[in-house]
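Pasting the structures in now, so scroll down.
Two complexes follow with chain A in common, the first pairing it with chain B and the second with chain C.
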Partner chain A sequence: MNEYQEKIAIKKRLAIYYRDQSVKNGLTDMRRIKAYLPDDLMFRQLKRDLVIAHLDFEPILELIADKKEFVVVSGLNPSSTLHLGHQILFDLLLSLQKLGGRIYIPLTNDESYIDGKVQTMGESKRVAYEEILPSIIAFGFDPKRTHIYVDTEYPTLYPFAMRLSKYVSMAEVESLFGKESLVTPGQIFYRGCVQLAEILMPQLPEFGGPKHTLIPVGIDQHPYILLARDVAKRMGMVPPSELVMRFLPSLKDPEQKMSGSKPETAIYLSDTSEVIGKKIASAFTGAVSSLEEHRKFGAVPEACSVFALLSAYLESDRELQDLYSRYTKGELLTKELKEIAKRCITSVVFSHQQKKIAAQDKEVYLLTRPIQSYLD
Partner chain B sequence: MNEYQEKIAIKKRLAIYYRDQSVKNGLTDMRRIKAYLPDDLMFRQLKRDLVIAHLDFEPILELIADKKEFVVVSGLNPSSTLHLGHQILFDLLLSLQKLGGRIYIPLTNDESYIDGKVQTMGESKRVAYEEILPSIIAFGFDPKRTHIYVDTEYPTLYPFAMRLSKYVSMAEVESLFGKESLVTPGQIFYRGCVQLAEILMPQLPEFGGPKHTLIPVGIDQHPYILLARDVAKRMGMVPPSELVMRFLPSLKDPEQKMSGSKPETAIYLSDTSEVIGKKIASAFTGAVSSLEEHRKFGAVPEACSVFALLSAYLESDRELQDLYSRYTKGELLTKELKEIAKRCITSVVFSHQQKKIAAQDKEVYLLTRPIQSYLD
Partner chain C sequence: MKRQKVITNEFARFLRESGGVYGALGDFKLNHKPIRLFYGETVDEFGMPIDCLKYYFTLSNLQKKLSAVATVVVADTASFMNDSTVQKREHIRSSLNSRIELLNKIIAVYRLPIKIRLMSEQFMTDEYKKLRAEIAKVDLKVIEPLLSKTILPNKLAEERKKKFGYALDAVATGLLFDMKIGPPRERFYDEAGEKIMPGKLKSIYLTPTQPLGKNFAFFLTHPEIEEYGVTPYKAGSNKLQDFRIILGETSFIRAKELLETSFESENPDTVHPVKDIHAITEMAREFLGVKISKDTLSQLRECIYTPLGLEGI
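This part shows the complex of A and B:
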């Protein structure tokens, strides 16, 4: 197979992967939602196909159309510095907040610990308060409708998790997650109860009772949603809706995720312009190496880790379409694409770094109201 | 088999049951401890063979002899009104406190809930605060060395339980408790982690660091101690010592436990003198029904639910020995024994009821210092 055919094959495999995963998991693609949503409510992540599938999104859509509030829950594992793969999630949350979303963000230092991503829960708590919380403020979330907590600092979450444990059987947990990820009792309790407590908590009486909630996830987190929906029904709550995001690819391999634990795959929100430049310069692209062949066949943007950065972060839709077209035809060179990506990403990262330094009033974002109704 | 032989058979089965359980579980009987303990340190529960076996009690004995402090942890399921079977445990705790014990008493309303003994954790919390806490105060515990908490009201217990979950494997939990008691993730987390957190908590830095602790249990709770000892070693803590109590028998069957959920088997600390009289009048005894045969063969105190009450509660050792001797010989009639038991137990229960009404200063007994070191 020649180099160009290899890039085409990557594009196909990715398309098939997302389609098969969606079908297998009973998800619906976004075509009808996109067709229905009026222009003034259209958001970038939907327009750019960063959101690829959903389950039961329609009730949320109605609330958006009626300009009513809905709840979004999106947890984060505070085990490393944030990278661009996290930022696309936060960008989606910001879009949803603008459409009426009240956002709950559990920072799951207990999960980081039990899965061995950090040595201590304290280390993970430090990352949560000193790295992630200022970043969230820097992204520009509305403090009145953004509620952040670090799991171990919000301990009434756990008796609520104990309460809902009665609505979950081990047989379900094992069949959804597989025995290999359930080695300790803590892993079982986290996956089978604590994560569900995070998702269902906004439906407790102290937060206003049952309501529509939306959980943005990667396709690999779908089992949590299935379990949460079943348990919600058993507890007389509303089954949460799901929005599945495309993962931001590794800089080295468009078929892998950008991962904070593999620095060569990721651009961190703390990287310098020099580091960003080097990482993009050595990134995997959708173009063949011979200039002559590039001019002849063109490139494959869907198999390009650099183009994926621009899809997520370039401000102008028109400029992105233009780049897509010229890159595909072989008019735009890889070197030129990388230069554009470098400028775009450096600007995104620098803007974030400046706002993060200026971040203030952390306290107003922290959820402090203890859960009580587990006693009911 | 005639009636007398049946009573003898009960006595034998009980002796064999405790001996076999002790041997099977690697426990040591109390003979050497009793021989070693000086008269002024001897306590009633040991003297009357209510304590039947131990594991690693020697370090505690040394602390007692040196008049140094040791820690005792003894949890209670707040799912029903207290009965005499609970009181013998509290009496032991009081004896241990007089010998230098600092006592921690978790009131496990989460356990009551996950095992279906109550409908809500709130119901169990109410029992804990309104029934059990005043009773504990009435028993006369020293507020400076008695620390009580309701599990869900002391929620930092749970992140500590998450922390220690890393030192426990599901394989261990399943082999110790059996799959049939591990149906939900909450049951697994409670048995595999929360109960261990209760036991090991006094060894955390915020409570002074590693130290000798003693856990009084019924023989059926031995698996918890084995797991706690293994986990303590892995966490650099001192493996807790164990003291095994004989159960107070059901009023209806000396081979069964007195149980709060079966009113006919138990005398509650809230019973009236009339109820106590009726319950004792219809209790199972170690005497045959024919007066003639009783005079001839005598009775079997070890197979007598009424005599068990006196063994636990009669103040005078000499009087108890005298009753044992006369009952065994058939000189003391069942009716007379029951009359003595009724007077003794009514006095115990009434004294408790009066003190309970007068119980004050609940707050000073409650443990409020949050756990922090799970972050380490």
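This part shows the complex of A and C:
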């Protein structure tokens, strides 16, 4: 019984965490939007509560309803092979592209370097071009509406970031990010200016001028958006909108996030089916260890790292609902759940690996248009 | 607006069972008869929206239930108060005449037990003059926060200069009666009235009137309209006259188009503009004594357009 109570306690803590996160610092939870969004526009990440909050998403929805284009910017730190936690973000970007989004993906190898996630700039550049870019192409983005660039290789990004430094004060940067994440001059310049440049660049005249922009982020990146909104107003641009995503939990602890730097917590998109099977077999679940108690009390899917994988990746809503119901009642055993998860995730990863091998025409995705405005 | 959960007696049950009731304010112990019941409306140059019918029908239903004296107060003076140009005043004057003519026709066609009273006539009565003088003595600071919520932000400074005369007339009119029916936003007038004369007025609010022909995104980007709706009796409320069914102005074909392109959902947490029109056609059907219920469009034609002679538009 104690074990079961502990699972319930995890479920409660997670519910409170996400409830609190989704309404603080100007954010709003997704209930109203989910109530109004028609079925044909309801994307899986919203339906499955992988998107938990938003800031000013309504103007984007207006564009979606009118079948007009909007811009989505989502950066990625290329310090390791992609894992399933990243794929959730790319799945969301794909959903948004289907709804009319033009996608900009800065690969922030400069950030990887200044935060010490890679030893050399060359290493982060290599990961970006050889590992991340083919993976992104493999997700199936439309090359005409997808623009990828590697920060250090996009030469006019930094002069634009330098220009933006005139619109931001050190006090603002410190209050939003905290001194602990602003230890080196590189971190100050990146967080205070470069990331702003990535977010606001699509609103420059060479990209068509001010427009509605949407930034999907993890909850820890919310300060970037607050700063970008303030600076956008000062520059006569449209303050960017934001979608906040739930993190995919660590395989070992549903209250921690899957992390590329901790291999035991993550399933990489390069993992073999054998490795995937082993990782899932040893993952934390929402079921108690005694079969008798499991049958009696049932499991707690909300506190289960394996069920979280299925919530994110199982195609069928009906099947997911059925699994949830049976697992909660104790009818579905952990072993069976893990087997289903293994099949599902192996299929997702294997399909990605095949597409990655076949990925071609990388150049058409790469953004090369230089920034001229704001530089004189 | 949060629904008020006030009342527990038989009358409350009746209100709850009347589909269009959205909320209520006040103590609903009704100790004396006849109860004076009213609904007030102003007029603009665009004509009478179909949504007025909801109020006339509900007023009539309540009259029957309570053996009340039911009055529609047409705020003729208030209709001119905020429009300064001569041309616009002329338009409104003409609209006012048309409104009263159409209202008389509605009363006759549906046999509604309600009477019409002009606000200008009301203003001339001793009862009103006395009450208005009392209200003028009230410290404005006490009720200003409530009255401010009934005024558009860009007109607030002007209304302050006028010492909220328009709003106070509305409050005073309410206090002449025992019970009123109105749209949800009028709760601010009624709450001000409650501060001035506690326990005097009981108010019933009908579901907010929503524009037709608008998609889901409109309501997400207009939370104020989602919450309070547009003004039911003013077609030009929020400049949305092209998205309302205006009796005598909107053709049946256009009405059909508006209904077919409107947001509608099974989710109870959203607005329901089409269901609201359906509810109006249902009430029209009942007042006409037609037994069998049909779909919204058929009832719109058979129970509203045809009986009121609006088919040729």
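We take it that the second predicted complex is superposed on the first by the 374 of 376 C-alpha atoms of A that agree within 3 Å, B and C clash if a C-alpha of one lies under 4 Å from a C-alpha of the other, contacts with A are read in each partner's own complex, and residues count from 1 in each chain.
We adopt the following convention: a contact is a pair of C-beta atoms (placed from the backbone, for glycine too) under 8 Å apart; a residue touches a chain by one contact, two chains touch by 3 or more.
Please read these numbers as outputs of a predicted model, since none were measured by experiment.
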Chain B versus chain C as contact partner of A:I357, first or second or both or neither: neither
Contacts of A:P38 with chain B and chain C, given as first, second, both or neither: second
Which of chain B and chain C A:V168 touches, first, second, both or neither: first
First (chain B), second (chain C), both or neither touched by A:V183: first
Chain B or chain C, by number of chain A residues touched: B
Complex contact set, residues of chain C against chain A: 215-221, 263, 265, 267, 269-270
Of all residues in chain A, those that touch chain C in their complex: 31-33, 35-38, 58-59, 61-62, 64-66
Contact footprint of chain A on chain B as seen in their complex: 110, 113-114, 120-122, 125, 151-152, 155-156, 158-159, 161-163, 165-166, 168-170, 173, 182-193, 374-376
